[in-house]
Structure formats: C-alpha cells, structure tokens
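Here come two complexes built around chain A, the first alongside chain B, the second alongside chain C.
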Partner chain A sequence: MNWILGPMLLILLIPIYETFQDKDIWQKMLAFASVSTKTSIMILVISVLRDDWMIGLVGVLILSVGNASLMLLAQVLKRVNEL
Partner chain B sequence: MMDQLVNIVSNGCIGAGLVLWLWGTWPLVGPRSVLYKLHTLSMADTLGSVAIVVGLLLRIPSEWPLLVMALISLAIWNTILGYVLAYCSTEEPND
Partner chain C sequence: MTNVMTDWDLAAITALLPIAAVMTVLQKNPYHALVVRGILGAIAALVYALLGAADVALTEALVGTMLAITLYAVAVRSSLVLKLGIIAPVDLPEISIENGSQNGQQNGETEDLVHPVSQPLEDMFNLIHSFEDPPELKPLLADLRVFCDRHSLRLELHPMPDRQALDYAMETKEVHGVALLNGDSAAHPYSVTVRVDRLYELMQTELNPAIATLDTTTVSLPENPLMSDTSSR
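This part shows the complex of A and B:
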C-alpha cells in the first residue's frame, strides 16, 4: 500500500505551486484549502500504514480545525476588503 | 480469495480517489475564475478524499470509528468551507 504516498505527494505539489504563482488572495485561499484537506488525508493513510491510531486522530483533528480556521480567515479577509 | 477481492476493491477506491484529486486540482493552475476553480476543487477534493478513506476502511475495518469520523468531518467541513469561500470571495454590489 506504500504506492499511494508517491502520487499523493505529487498531486499535493500542484496547489503548493499555485500559492506561489497567483497574486489573487482568493486563489491562494483555494490552494491552501486544498493543501489542508490533502495533507490530512495523507496523515490518515500514514496512520493506516503504521497502524498507529494517535496519528489518525491528529489527521481527523487537522481536517476539522484546519478547515474551520480557513473559514474564519475568509471572513476576516472579507471584512478587511470592505473597509 | 475474499482477502484478494477486498484488496482489489480497496486499491480501486484509493486509485479512483487519486484520479479525482488530480482532476479537481489540475484547473487550479489555469486562468479560470475563483468560483469555477472552487466548484471543481471542492467537489473533487471531497469525493476523492471520501473514496480514499473508504479504501482505507476496507483495508482495516477494525478502526472503523476513527475513519467514519473522518468521513463525516470531510463531508461536512469541506462542503461548508466551499460555501464560505464562495460567499466571501464574491463582491456584493453596492446598493
């Protein structure tokens, strides 16, 4: 099952590249939202490979808290843009 | 025999998830609008991640509580995040 992590890492590079090359803040937010989801799924895959469920718990927490913080950041950006 | 079948289906789910990830992430680099990218990205990320987690669930059913929690938080959080990003990124017309 180790074959999964290689393509996952390669696909993860696309949004990371997008965060560098785009100047628009909302395109960057999209890329970071994608990076956060993908990394938390990769953490889940690694926890299955190692059969260590504390790592899996961290992956699920990152999934929830990561997306929640991106939502707050989007709200802050919207308010700042309105000033 | 049964184990082989489960492994094949599990690998199939994970492979499909990776294809969905790639399909949804590819337009991110292009010149399209934020909402277009958001639509393909949030759909493909959510469905691809759910397919990968289902593939993992088939492989180790003993840890189903944690993986079901991941499935639920994926379905809820990704969808809501897509909505919030769409709402925040669109400029409201000044009345």
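This part shows the complex of A and C:
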C-alpha cells in the first residue's frame, strides 16, 4: 500500500500550483480548503500504514480544525469585501 | 516500527514545506499572504505528523494556522484602511428602542426578547453599509478606489455635516485625510488633504493631478499627560 503516497503527493501539488495562478482571493481560499483536507487525509493514511493511533487522532483533529479556521477566515474576508 | 515509507517519499513531501514558504513570501496582497500561510500551516502539520511528532503537528494546526491567521486577518483588516472625511448630508434615521419593542409586540412574544436590542443595531449597520458615494465626489472617489485597490487598502468614507466637523475630525486624528469640493471657478474640481506623510508621497505620484490638488498637513495633538509623565521619569 506504500505506493499510494506518491499519487497523493502529486494530487496535492495541483491546488498548490493553483494558488500560484489565481489572483482572486476566493480561488486561493478554495485551494487552501483543498490542501488542508488533502494533507489531513494523508496524515490519516500514514497513521493506518504505520498502525499508529496517536497520529490518527491528530489527523482527525486537524481535519476538523482546518475547516473551522477556513470558515473563520472566510467570515473576516467576506466582511472586508462588503465594506 | 516497520519502515513503510521510502526515503524518496519522505524527501518529496518534506520538499513541499520550503515551496510553500517561498510562495508565502512572494505574495503582495496581505490577505492573499494569509491564505497561503494557511496552506503552509497545513503542509507543516503533514510533515510533522510524517516525522512522528504528532503533538507538534496538532499545535501547528491549532495555534499556527487557526489562531494566528484569524488574529492577523483582524489586525490587517483594521490597520490597512484609509479613512477619508467628506462633507455630505448625514440623515440619521430615528433609532429608538420604542421602534423595536413595537415590532416585538406585533410579531408575538417570542421575538419580543430579540428585537428591542437587535433592531437599533441593525439600523446602524444598514446605515453604515447603505451610505452611497455622493454624486458630486464620484470622479475623485473612483480615482481613490483605484489607488486603494493597488495598495490593498480599504477606503472608508466618514461623512461630516460641515467644514468645522471635518477640521475637528482631522485634529483628533479620527480621519487620515479630507476631500473637499472646490468651487466651479477653481482649476481643479477637488482638493485632498492628508495628514499621513506616506499616504501623501504615494498619492503625489499615483493620483491623477487633473482631478484634485493634493496637500499635506501635520497634526500635533496636545501631549497626553499620562504619556509625558512616564517619559519624563
């Protein structure tokens, strides 16, 4: 199952490349959402591969916290665009 | 622990970290930099978890990404602003508690608890947001908005009833500058006065000179007695 990390890494590069391209801040936010979800899924996969429950727990926490921070940032940015 | 990852996988994933760091440094707009900082945090958490430091990864995600970005977003939002005082009729709506409680009585008891407080606040919010550019200032404001967009500033208009209030706002440092309408006979339709030196420098080169005359002024507040006390000791 080790081979799966290589393709995951390549897929992770797509949104990172996207942030280079876009001038629109909401496109960057989408890329951020994509990267944060993908990295936490990678952490979960690594935890399964290593059979390490501690890393798995951290992966779950990061998956939920990453989305929370995204929503907080989106709220602030939305207010900036309104004014 | 069985070695499930090859060295190449490890190296490739770790190489993402400096890439994201360089991307963060290259951003020009502070808001874009904050979003890319979030990406950097996510990748850093991945690398830390990969190297076996689960506690460090959790701290990076909680503090480094969530708390830092939110605090910085608020800080950037409140500091990168150009407050411009203008003369415009301000028609304040009649904001009263009575208004809210009447609504509450009409709508039933459950909303009675909510409306008396939220209604005036909502009115104030709508007033600030519904304030439209005065038509006589539109050409100048269009030019200023281009200027503000270029420097990722936020243009905040502070309407004042008369010239006296405008001068007072300038003296108390409530606004960064004032925009005035010159008479029809003047060579330039508008005059802009700013009290921040850096803004003056930037506007001098970038604002359209055909539209407005630019002026700078220094405002010195009488020193705060508390501040002078501490400095003399």
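Everything below uses one rule, namely that the second predicted complex is superposed on the first by the 83 of 83 C-alpha atoms of A that agree within 3 Å, B and C clash if a C-alpha of one lies under 4 Å from a C-alpha of the other, contacts with A are read in each partner's own complex, and residues count from 1 in each chain.
Convention: a contact is a pair of C-beta atoms (placed from the backbone, for glycine too) under 8 Å apart; a residue touches a chain by one contact, two chains touch by 3 or more.
Just so you know, these numbers come straight off a predicted model, no measurement behind them.
A.B. asks: I'd like to know which partner A:Ile46 touches here: chain B for first, chain C for second, both or neither.
C.D. replies: A:Ile46: touches chain C, not chain B.
A.B. asks: Scan A:Val80 for contacts with chain B and chain C and give back first, second, both or neither.
C.D. replies: second
A.B. asks: Just to be sure I read the superposition right, which of the two partners does A:Lys28 touch: chain B = first, chain C = second, or both, or neither?
C.D. replies: After superposition on chain A, A:Lys28 lies in contact with chain C alone.
A.B. asks: Of the partners chain B and chain C, which touch A:Val58 in the superposed model: first, second, both, neither?
C.D. replies: Once the two structures are laid over each other on A, A:Val58 reaches chain C alone.
A.B. asks: Looking at A:Tyr17, would you say it contacts chain B, chain C, both, or neither? Reply first, second, both or neither.
C.D. replies: First partner only, chain B.
A.B. asks: In the overlay, answer first, second, both or neither for which of chain B and chain C A:Asn67 touches.
C.D. replies: So A:Asn67 only meets chain B here.
A.B. asks: Is there a shared patch on chain A that both chain B and chain C touch, and which residues make it up?
C.D. replies: 15, 29, 31, 57, 59, 68, 70, 77
A.B. asks: Over in the complex, which chain C residues touch chain A? Could you list them?
C.D. replies: Interface residues on the chain C side: 1-2, 4-6, 9, 12-13, 16, 19-20, 23, 29, 31-32, 34-36, 38-39, 42-43, 45-46, 49-50, 52, 54-55, 57-58, 61-62, 65-66, 69-70, 73-74, 77, 129, 154, 156.
A.B. asks: Please give the residue numbers of chain A that touch chain C in the complex, ascending.
C.D. replies: Spelled out, the residues of chain A in touch with chain C are 2, 5-6, 9, 12-13, 15-16, 19-20, 25, 28-29, 31-32, 35-36, 39-40, 42-43, 46-47, 49-50, 52, 54-55, 57-59, 61-62, 65-66, 68-70, 72-73, 76-77, 79-80, 82-83.
A.B. asks: What residues of chain A sit close enough to touch chain B in their complex?
C.D. replies: 1, 4, 7-8, 11, 14-15, 17-18, 21, 24, 26-27, 29-31, 33-34, 37-38, 41, 44-45, 48, 51, 53, 56-57, 59-60, 63-64, 67-68, 70-71, 74-75, 77-78
A.B. asks: For a test of understanding, state which residues of chain B touch chain A in their complex under the given definition.
C.D. replies: These residues of chain B touch chain A: 14, 18, 21-22, 24-26, 28-29, 34, 37-38, 41-42, 45-46, 49, 52-53, 56, 59-60, 63, 66-67, 69-70, 73-74, 77-78, 80-81, 84-85, 87-89.
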